[in-house]
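Inspection log for the structure reproduced underneath, given as C-alpha cells.
To keep things simple, chains are lettered A, B, C and D as they appear, and every chain counts its residues starting from 1.
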C-alpha cells in the first residue's frame, strides 16, 4: 500500500492536495466575498447590510448557499438539458485550474511552471464558452442576447489584456508567475505598477470587463436583459455561475497583485499574508467601483476597447520595448 | 435550437399575434415585460429586434387597469376623493388637487388663502419626492444601484414631514372641497424649512455623483431625441416637453391657485435628448424648493378649509376641464355634471399616457439599452397610464 | 483630438469624484433603523385603522350616536353598524308606543351602536368617516405594527376593541 | 377665487359670442373656446387646428341619449387657450373618422374610446383593445343604463348643439378667440 503511494510521483500528490486546498480556498473566498460585497454595498448605501443571520450577518452567505442548494433544479422546456447543465460546470472548472499556477507565497505554489501566465490566460478564456452554451441552450431570448454580448465582450477584451501582460513579460523576460513576483522588491516603489502605471490601469479595466463586473456587467445587465445568460438557472446551476464569477474575480486580482503589486513580496510579515492583503485590496476596489457607477452601453464598451484600450496598450508595449532595447 | 422558432410566436397571446414580424428573416420578437426590471411595473413592450437594434416597438397596456373613470360615475363626489391619488401614486397630491379643484370651480366654492398656500407647499414637496424616486429608478435602469438609496433617504424624510400632516406617506388624500383636511403647524413649517436647506446640499452631491459622471453622460446624451414637433403631435407634456426645449408649464400657462405669486423658473433644455429631460427634472426639484420657501415665508393666517364648504356637493349642470402640472406633465380632469350627486362623466387625462405613446416612434433604430434609457427618461407610472 | 482627450480626462476625473463620494458615504453613519430592536421614534400623525372614541365620563361607552354618516360616506363600504336604542329600566314597555307618545315625556334615549365593525381589508384610509362624524366619535389608531395571516383578522369589532382598551386603562 | 356658481356661461346660439359676458364676471370652465362640429367635418377641423399649432390633450367620450358625445381637447404651447371640439355620434352606428393620421398621439385615445364605449374610428391603423383585456366579453364598460342617460339639452342647456363648419369664419374666430384667455384669468 505504502509502496503504491510511493510509486505515485510526488508532484501528483502535491497537485491532488493542492486541488483540495483550492476548492476550500475558492469556497471560502466566495463566502467572504459575498459577505463583503453586501456589507460594503450596505455601508455605501448607509444601511447595515446583512445583519440578522449570525453576529453582524456573518453567516448570511452560508444561509444563502444552503438556500441555493435546497432549491428545485429546473430545466426549461425544450432546452438541451445536457448542455444546459454542463455550462455551469464548464464555467467553474477552469477557474479552479487557474489557481494551480498562482504563487501565494514564496513557498506556497502548487506547480511552478514556466508558462504559468499563459496557462491562466488560456483557462480563463474557456469561461466564454460556458456562458455561450448557457445562453444558447436556455431557450430564452434574453439569455441568448446575454451570451452574444458576452462573446463579443470577452473576445474584444482579451486583446488589450494580452498586450498589457506582454509589456510586463518583456520587462521580466518570463511567463513564470513566481519569477515575475520575485523580480519585484518588497517596497511599493519597487513594484511594476511604478514602472508600468498605464499598463496597470489598462489591465485593471480589462479585468473588470473579463470578469463581467460593473460597469461592464453587460452579459447579465439586470435592467436590460433581466439576468442575461443565467436567467433560466436555478439552484446549484446559478450557484455555480455565481461561484465561478467570484473565483474569476479572485484569479484576476491575484494576477493583478502578481504582475503589478509585487505579489507575495513585502516587508516583515510572511509573503502569503502580503499576497492575500494585496488581492483583497484589488477585490475591494472592484466592489467599490461596482456600487458607484452606472453601466456602460454595449457599443460604448466595444468602442472603449477598440478605440482606446488596444491603441494605448500597443503604445505602452512599444514604449516598453524601446526602453528595454535602449 | 431548431426546435425553437424564435421568429414566429404563433403560440403567443392576442397582442403577440397582432405584432407579427415583418418580412425580414433575421429578426427576433422580444417580449419586454410585463415583468421586467426596467419597465417599472407591469408595462409590456413588444419589440422586433435585429441584433440589439430595435426595428419596431409596441407598448401593451392595461395590466393594472382599474377603471377609475367608472368608479367616478358610481360614487358621490366626496367618495371619489381616494381614487385619483391612486392613479399616480408618486405625485398623488396633484391628482388629489386636480379632482378637488375641478369640483370647486364647477361649484364656485371659495378656497381660503391659507389652504391654497398649504396646497402649494404640500404639492411641491410631493413633486420633489416624485422626482427623487424617478432619479433613483432611472439610475437603476442605467445600472447604478447606489443613487436610489440616497434619493430614498431624502424622499423618506419628506414623507415623514407630509405624514405628520396628511396621515399617509404615499397615496395622500389630503385636499378637500374648499380647503385641506388638516391645518399645518409650526413644526411642519420648521421641518420643511430645515429639509429644504438639507436638500440644497444634497443636490450638489447628486450632481457630482451622478450628473457629472462620465458614464452617465454617455448613456443619456444624444439618446432618445424627441423633436418638439413629435411632442406636439403626441401631446407630450411636462419634463418630456421641457426637455425638448419648450418652457411650457401649466403653472405658468394657465395659472391656478396662487402660483402666480411666486417667483420660479421653468427649466427647459433644447437638447431634446434624455439628458435634457434629466436636467429638467433635476432643476425642477430646486425650483420646487424655491416655491416652497417663498410660500412658507408668506404663509397667511386664516381658515384651512372654507367653513361653508359643502359636505355633500351637488354641482350644477355643466362641464369643466381643469388642468394642472403634475410631476409627469399636464394632469387634466374633464368633469361633466348632470346636477346629481355623482359625476355624469369624469375623464382623467394622465400625462404619462401621452408621453408613453411616442415611445414606439422614438425607440425605432435604437439599442435595447437605449430603449431602457428612453423609457426611464419618460418617467412612467404605469397605474397612472392604465388608470 | 485635443478636445476628445480633454473630455476623456475630465470624464475619468468625474469617475474618481464619484468614487470619493461613495467613500465618504461609506464612512458616514447608517441612516436606517434596525427594526425589531429599534423602532421609528416619531409616529405623530400616523393614520392607522379607525377606532371609537370613548366618552369622557365612561370609558366603556363610545361617543357614537349611530347616525351612520360614516357608513354612508365610506367609499368602499367597509364600515358596518347596527344601531339600537339602549334599554333603560322602564323603557321596554314604553318603547313600543314610543312613536305615538311624544318625546317630551322623558329625555329621549339616544341610540347607540350595538355592532360596529370595520373591514380593514377594503379601507383606503381616506379619513372621510372621521371627518364626517358629528360627535367626533371616531379617530385613527396608532397601531403601526399591524400584521395578520388571514383576511378575517382584519375585520375589527370596534366596540370590543373599545372595551379592551377601557379595561387595560383601568388596570 | 371669485367665480360664482357656474351657470352655463355661454349664450345660446351657434357661435357663442362669448366676450360680452366674460368681461363682467369670468367663469371658469377650462374652455377658452368650444364648439360643436358635424361628424364629417372633424378631419377638416382638426387639420385646421394642427396648422394653428395646437396639440391634442385628450379625447373624452360620454354616453348620452342621442348616442355618443366626443370631446377633443386641444391646447397650445405658445399662446395658451383650450379648444374643445364636440362631436355627436349616432347611437346605432357610432363611427367617426380617426384623426390619428394628423395627430398620431390620438391613436391611443381613440383606442381607449373604442374600449370603453365601442365607438369605432374609421381609418384607425390598429383599432384593438388597449386598456381592456382582449378577451373581455360584454358591453363596453362605460355605457350607461337607459334610465341614467341624459341628453344634450340637459347637459349643455342654453346653447345650440348644431355643428359649425370648419370652413366658416366662425370657426376661425373660435380659434383666434381662444388665446384671449379671458375665461381663466381668475382660476
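Convention: contacts are C-beta pairs under 8 Å (C-beta built on N, C-alpha and C of every residue); 3 or more make two chains touch, one makes a residue touch a chain.
Keep in mind the model is a prediction, meaning the values are calculated, not measured.
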Closest chain to global C-alpha mean, per-chain Cα centroids: B
Chain A and chain C, separation of their C-alpha mean positions in angstrom: 54
Chain A and chain D: spacing of chain centres that average the CA atoms, whole Å: 64
For chain B paired with chain D, centre-to-centre distance based on mean C-alpha positions, whole Å: 25
Distance between chain centroids, defined by C-alpha means - chain B, chain C (Å): 28
Multi-partner residues of chain D (each touching 2 or more other chains): none
Chain A, residues touching no fewer than two other chains: 44-47, 291-293
In chain B, residues with contacts to at least two other chains: 146, 150, 153, 209-210, 213, 215
Touching pairs - complete list by chain label: A-B, A-C, B-C, B-D
Sites on chain B touched by chain A in the complex: 1, 3-4, 6, 28, 30, 36-38, 51-52, 139-146, 149-150, 153, 209-210, 213, 215-216, 218-219, 367-370, 372
Complex contacts: residues of chain B adjacent to chain D: 13-15, 18, 61-62, 65, 67, 69-70, 73, 105-108, 110-111, 116, 231-236, 241, 246, 248, 253-256, 315-323, 330, 332, 334, 336, 338, 344-345, 347, 349, 353-354, 357-358, 361, 386-387
List of chain A residues in touch with chain B within their complex: 41, 44-47, 78, 136, 139, 141-142, 144-145, 148-149, 214-215, 217, 221-226, 291-300
Touching residues (chain side chain D, partner chain B) in the complex: 1-8, 28-31, 53, 55-58, 60-63, 71, 73, 75, 77, 80, 82, 84, 103-105, 107-108, 116, 126, 128-135, 141-142, 144, 150, 154-157, 184, 187
For the chain A and chain C complex, residues of the former touching the latter: 40, 43-48, 51, 288-289, 291-293, 308
